[in-house]
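Here come two complexes built around chain A, the first alongside chain B, the second alongside chain C.
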Partner chain A sequence: MSAVNTIIIDGLALALPLLVIAIGGIFSERSGIINLALEGLLGFGAFCGALFAYSCVAFHWFAPDSLAPMYLSFIVAAAGGALFAVIHAMLCVKFRANQVISGVVINILSVAMTGFLTSQINKTVFSGPSSRFDLMTAPRLTVPVLSKIPVLGAVFTRFYPFEVLILILLVVFWFILYRTRFGIHVRAAGDNPQALDAAGIEVSRVRFVAVLISGALAGIGGMCFAYSIFSYFSGAIYLGYGYLAIAALIFGNWKIMPTFAACLLFGFAQSGASQLVLLLKVNSSVGDLAMIVPYALTLILLAFFSKHNRAPRSLGEIYDKSKR
Partner chain B sequence: MPDTDVIVEMRHITKRFPGIVANDDISLQIHTGEIFAFAGENGAGKSTLMSMLFGMYQPDEGEIWVRGKRVDISSPNEAVALGISMVHQHFKLVRNYTVAENIVLGIEPVTRLLGLIPYVNMRPVNKAVRELSERYGLEVDPTSVIEDLPVSTQQRVEILKMLYREAEILIFDEPTAMLTPQEISYLLDIIRKLREDGKTIILITHKLEEIKQVADRCAILNHGKLIATMDVATSSTRDMASKMVGREVIFEIDKTPARPGPVVLEVSDLTVENEHGVDVTQDVSFQIHAGEIFAIAGVAGSGQVELADAVAGLSPVKTGAVLLEGRDITRMLVRPRTLKGVSYIPEDRQDVGLILDFLLEDNLASKSYFKAPFSQHSILHKDAFDAYADDLIRRYDIRCSSGALTLTRSMSGGNQQKAIVAREVEQDARLMIFVQPTRGLDIGAILAIRRRMIEERDKGRAILLVSLELDEILAVADTIGVMFAGRMLKVAPADQMTREEVGEYMMGVKHA
Partner chain C sequence: MSEQKRRNTSSVILREVAESSLDPATGTQDDREETGQSEPLQIQMNWFLRAFSNERWQFISIPLLSILVSLIAISIMLGIMGSNPFNVFITFLQGAGWIMRPVYAGGYGQLSDLSNTLTAFTPMLFAALAVTIAFRGGLFNIGISGQMLISGFLASVIVGYSGLSAFVAKPLVLLIGMAAGAAVGGLIGFLKYRFNINEVVASIMLNYILQYAVSYFIKIHFLDQISRQSRVVSQASMLVLSDTKVGGVYVSIPLCFILALLVAVALQFFLKKTRLGYEIKAVGANRRAAQYSGIRVRRTILVTMMLSGALAGLAGVSYYLGYFNSIEPGALTSLGFDSIATALLGNAHPLGAIASSFLITTLDTGGTYMQSMMGVRQEIAQLVTGMILLFSACSAFFRWRIALSRQKAEMRAREAAASGGPGGCGPEVEVSVQGGDVQ
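What follows is the complex of A and B.
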């Protein structure tokens, strides 16, 4: 397989999970709630999904080679992410806490909690001293004819099933944000919540639901990483991809399609850098440097593109009905 | 209810805020199909009273009856259900949405894609809004985006919003405060048209002239109490004004001829561009002497505000020079300018003039907090802030619920303006720039500010006044400069120009 193919295949495998997390972030932030908690949400979602899939195997709920646990684990991960996001939603919407602090605290809480629970559950339920839940490796699919197209064929080669799922989610959530009543209310809540309130829509409800969506989508993203990069769940899942998703949605100007482009850029930057390291045959400690490429890119882009960006006007503002 | 004609009745309404009774035992009746006006000093409680009718606040005591039924209006939603709508002092529009999207916000019509998936279909809305707009002559394009529209159009969007929701009772809170004279008469026409259509209109305004022009009856509030309900046809504006203030109002302003001293401000060939790179003033030159009020007249958007911003140092100068007492200050930052003796009352009081979430005392000291007695060795002295604020509140008659410690946001619009005026006048500056200083103020406060300008002039200060109101300019100016499309068309002593002449220059009809 050529290096270009590998760059495309690996790039998409990273970009699409980033995208689904970022879409979640967009929902939250377009509704006016800063969401730095994506990292913690994706971790907790993945923890729930992995615990479920691991239990399926350990307790023989399904046939040994069934793919059902994997597919179902994505639903569980979404539910887990949404559940954890309730904390952020409660703090920010109901108790009007500072949204940045709430996000950061949730991230710390998520790392500590999943670490503790993983080893405790392993010890007591599965009677093993492990600090991780091992998962099967996700199958990779290849479309017969299309994959033979030069270069572009790589898009249809050796992709994970969840990449298809994410593309479907992309269409669905784009439609929700721009074409449905709920989406209109979300975007209005982030621009001028007073106007939405005056129009008779409960701002806090809209924001609450938007934050839950961000949790669910982040959970799905986290589960993707558990099945692709790792094939297990452990504290290693907290790689900073939640923050990278935030960077992507900011470059994407809080819009879904431009954010997709930003995610692709990050994905290809990383896979391109690792291919480069391979080609140059440098040793692995230098190779780890490739991992910093997306982050370095973030810094550089941040410096150049920030001034063209416009955050939702009421982002981070605590909505107070009586304010005038 | 015997009187079927009464659409809204308020009985013994009282509303308290911490430290203040905003409405005190108010009872009144409003009839179907009339234009009912509210007048009263800043902070008299007009907005509060109408906010209760619109469900934003609940009365502490008293009852509201609508169409003969007692109602508890606990949210704007319920008000809308009763056919009551309100255009606020600050518009409630989503700025990156189109006109039509704003109008249907909350009641978006849903169509099913493939008979299955619900989505919002804007096409019928655009059509309906366009028809509605044409019917009332509002001239609004449903597909334009709010942030691209001027204030006056945004206001008509708010009106459309009410009409689209089939409101019967329309409340306008100071709708003319932000408008130019031309836009005002346009709006008053619209309001008349609404009445012909059978709507009931409640109009809060400070401009007694407007009440005289359109209203049928007028309620006067003072310190939260209802003073009188008057038939507009049989009362003069002078009556209304004295009821409003609680004493005889003297409209005339004593003004002796100016005794100009040396030149304080010299602006030469000033060109300023806006953020889009368009020149908004072109080669403007003029001088202001000590002891002179130089007023710039012009229709809104003629470049006068940008000119004032540039002189104050808020926006960069493209070419030309600004000299203060002979010193070039063209590129000087705002703080040194302030210290050199420039004070500034900006047009946008909420965004530029004040920090709304600060206390009143902090706002009053926000141009001098770094100096003694407020700050010594970089440590702030709260006592000095308190004492200073108490003094200004008393001398400038700023009405606020908790004195120096009032949250600025909670103050009424007019009193926010008074706070800015107090702060700037106290700067003791050589050059004072006033941009629309009396906008949103009650008649008493307006006269006080105009008298203050003349007083400061007599102390030998140079005053630059930018106003959209010709009356104001003619009342105080010593010299009038008329701007049109970014150019200073004419500069002449005030006593050598008639109102008509100034008007002609303003419209660009006449050239020097």
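What follows is the complex of A and C.
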């Protein structure tokens, strides 16, 4: 397999989970709620999904080689992420907490809770001293004919099933945000909540739902990482991809398609850099230097594109009916 | 029906108001009659409201309330899991050296534990102060970990591996730490100032860049082949006197402990009494208003980030050349993120940060002993921290609710007073309230 193919395959496997998390972040932030909690939400979602998949195997709920636990675990992960996002939504929408603080708190709480629960559940339920839930690696699929196209064929080669799911979610949530009534409400809640309120829509409800969506999508994203780079769930999942997704969505100017581009750029920069190290056959420590490339590139590009970045107008503000 | 009910309650309140005016603590009845309506209203509040509505004490009473609530929540959880919560908390304190343990291994004593806690406390306080000043300036420095790493690394390389004597090495370590941290903080500030890059994104990116860059240099030049960490720095450059015998037990004396406390006090003074401190707070409170009042907002942002970075640098050197004596390549310390929590728990107030750093490091260092004694996973320490933070994140809500209830109580009292007229004791009030209802 050529290096270009590998770059595309690995790049997509990183970029798409990042994208689904970032889409969630866009919903939350377009509705006016800063969401630094993505990191914690993806971890908690992955924890729920992994717990489910692990129990499926441990208790023989499905046939041994069935893929059903994997697919169902994505649903569980989405539910778990949404459940945890309720805390963020409650704190930010109802309890008038500072949204940045709330996000940080949720990240810390998520790391603590999943770490504690993973070892506690392993000890009591599965009677093992392990601090992680072992999963399998998701199977990789290849489309027969399309994968033979030169270069572009790599897109259809050795991809994870969840990548298809994410592309579907991309279309669905793009449609929701830009083409439905609810999407208009979300965008209005972030830009002009007073107008939304005047139109008879409850701002707090729109924001609440938007935060729940971000939790569900982050949970799915976390589950993707658990099934691809890790093949287990443990505290290692808090690798900072949630923060990276935030960077991507700010880079993408809080719009879905530019964010998609940012994620792709990031994924390809990462896989390209690691391929370069392999090709040059240099000391593996140089790999660390190559890992800088995607982050430095993002920073440099941000320097060019940030001038015209505009955050949603009432991002981070507690909605107060009496304010004008 | 409900009308009747309200009438009753209002008369009850009023009677209590009237009675309370007889209370010697609030002044005699005569006083009240003389001053008439201008007397401040006697407000009927329950004990809870009375305890928490005093705004002067809210800065301490509300964090205490959140700590209490979260301890109760954790106690219930521990109880369900079958351990005695009281014992768990005691072993936390014993492990951190605040209380004597029943048994000590030879050469170790309570002082050893306490000195450990203080050694962990020092970088935590510096880091929390770094978050605090950025927060006061309306910025969010999420890059503390990266700033700590680079300053710890540079100090190790320049001083830690040199043969400088202690008197030169130790101050130099502090200076290099501050300079390196300030440079990275300044870069973040500059990127925001010049290119409008969100400081959160810039910090996250720089965290990764620094993490990988430092990892590369350590692996190539400074790796200890056995421990797979960077080589151990010289004793002379360490900011902790480790394994010193004091009173027959081994202790590690954190040299920067006092410095950290002094910096916290100085920062409080700086924010409260100096012009620059005022400008930082003004920019943090309302950027646009600060601009119209003639403050150079962008320069202030840059300075704030540099100060925050310098403090993070101090945290870095007291962590990597104090709490530890080497650097693990390819890892950022979680302390940088925990310090955000610590600072928030301390109400983004320098002196509050001292208290919250003590609390958090006690939970951290006491956890190991607690786990060995009680068999409860030490991750619960983090969970306690998380819960405390969760409740203190609601502090704005508490404040708002308390103010609301207070307003309601005031309104009720005023209503009652208005319909009741001035003065009078129990029975008279009864009558006047009924008279009021006729209207």
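In this section, the second predicted complex is superposed on the first by the 319 of 324 C-alpha atoms of A that agree within 3 Å, B and C clash if a C-alpha of one lies under 4 Å from a C-alpha of the other, contacts with A are read in each partner's own complex, and residues count from 1 in each chain.
By our rule, a residue touches a chain if its C-beta (ideal position, glycine included) is under 8 Å from a C-beta of that chain, and two chains touch if they have at least 3 such contacts.
What you are looking at is a predicted structure, and each value in this text was computed from that prediction instead of being measured.
Novice: Touching A:253, do we find chain B (first), chain C (second), both, or neither?
Specialist: neither
Novice: Where does A:309 make contact in the superposed view: on chain B (first), on chain C (second), on both, or on neither?
Specialist: In the superposed model, A:309 contacts chain C only, not chain B.
Novice: Any idea whether chain B or chain C touches more of chain A?
Specialist: When the residues of chain A touched by each partner are counted, C comes out ahead.
Novice: Between chain B and chain C, whom does A:109 touch in the aligned arrangement: first, second, both, or neither?
Specialist: A:109: touches chain C, not chain B.
Novice: For A:122, select first, second, both or neither according to whether it touches chain B, chain C, the two together, or no partner.
Specialist: A:122 contacts neither chain B nor chain C.
Novice: Once the structures are superposed on A, label A:147 by its partner contacts, choosing first (chain B), second (chain C), both or neither.
Specialist: A:147 contacts neither chain B nor chain C.
Novice: Could you list which residues of chain A make contact with chain B in one structure and with chain C in the other?
Specialist: No residue of chain A touches both chain B and chain C.
Novice: Going by the contact rule set out above, which residues of chain A touch chain C in the complex?
Specialist: That would be residues 36, 87, 91, 94-98, 100-102, 104-105, 107-109, 111-113, 115-116, 119-120, 240, 243-244, 246-247, 250-251, 283, 285-286, 288-289, 291-292, 295-296, 298-299, 302-304, 306-307, 309 of chain A.
Novice: Could you pull out which chain C residues touch chain A in their complex?
Specialist: Per the touch definition, chain C meets chain A at residues 81, 140, 142, 191, 195-198, 200-202, 204-209, 212-213, 215-216, 219-220, 329-330, 337-338, 340-341, 344, 377, 379-380, 382-383, 385-387, 389-390, 393-394, 396-397, 400.
Novice: Which of the residues in chain B come into contact with chain A in the complex?
Specialist: 56-57, 75-77, 80, 88, 90, 92-97, 101-102, 105-108, 110, 117-120, 409
Novice: Note which residues of chain A are touching chain B in the complex, please.
Specialist: 175, 179-181, 184-185, 187-188, 191-192, 194-201, 313, 322-324
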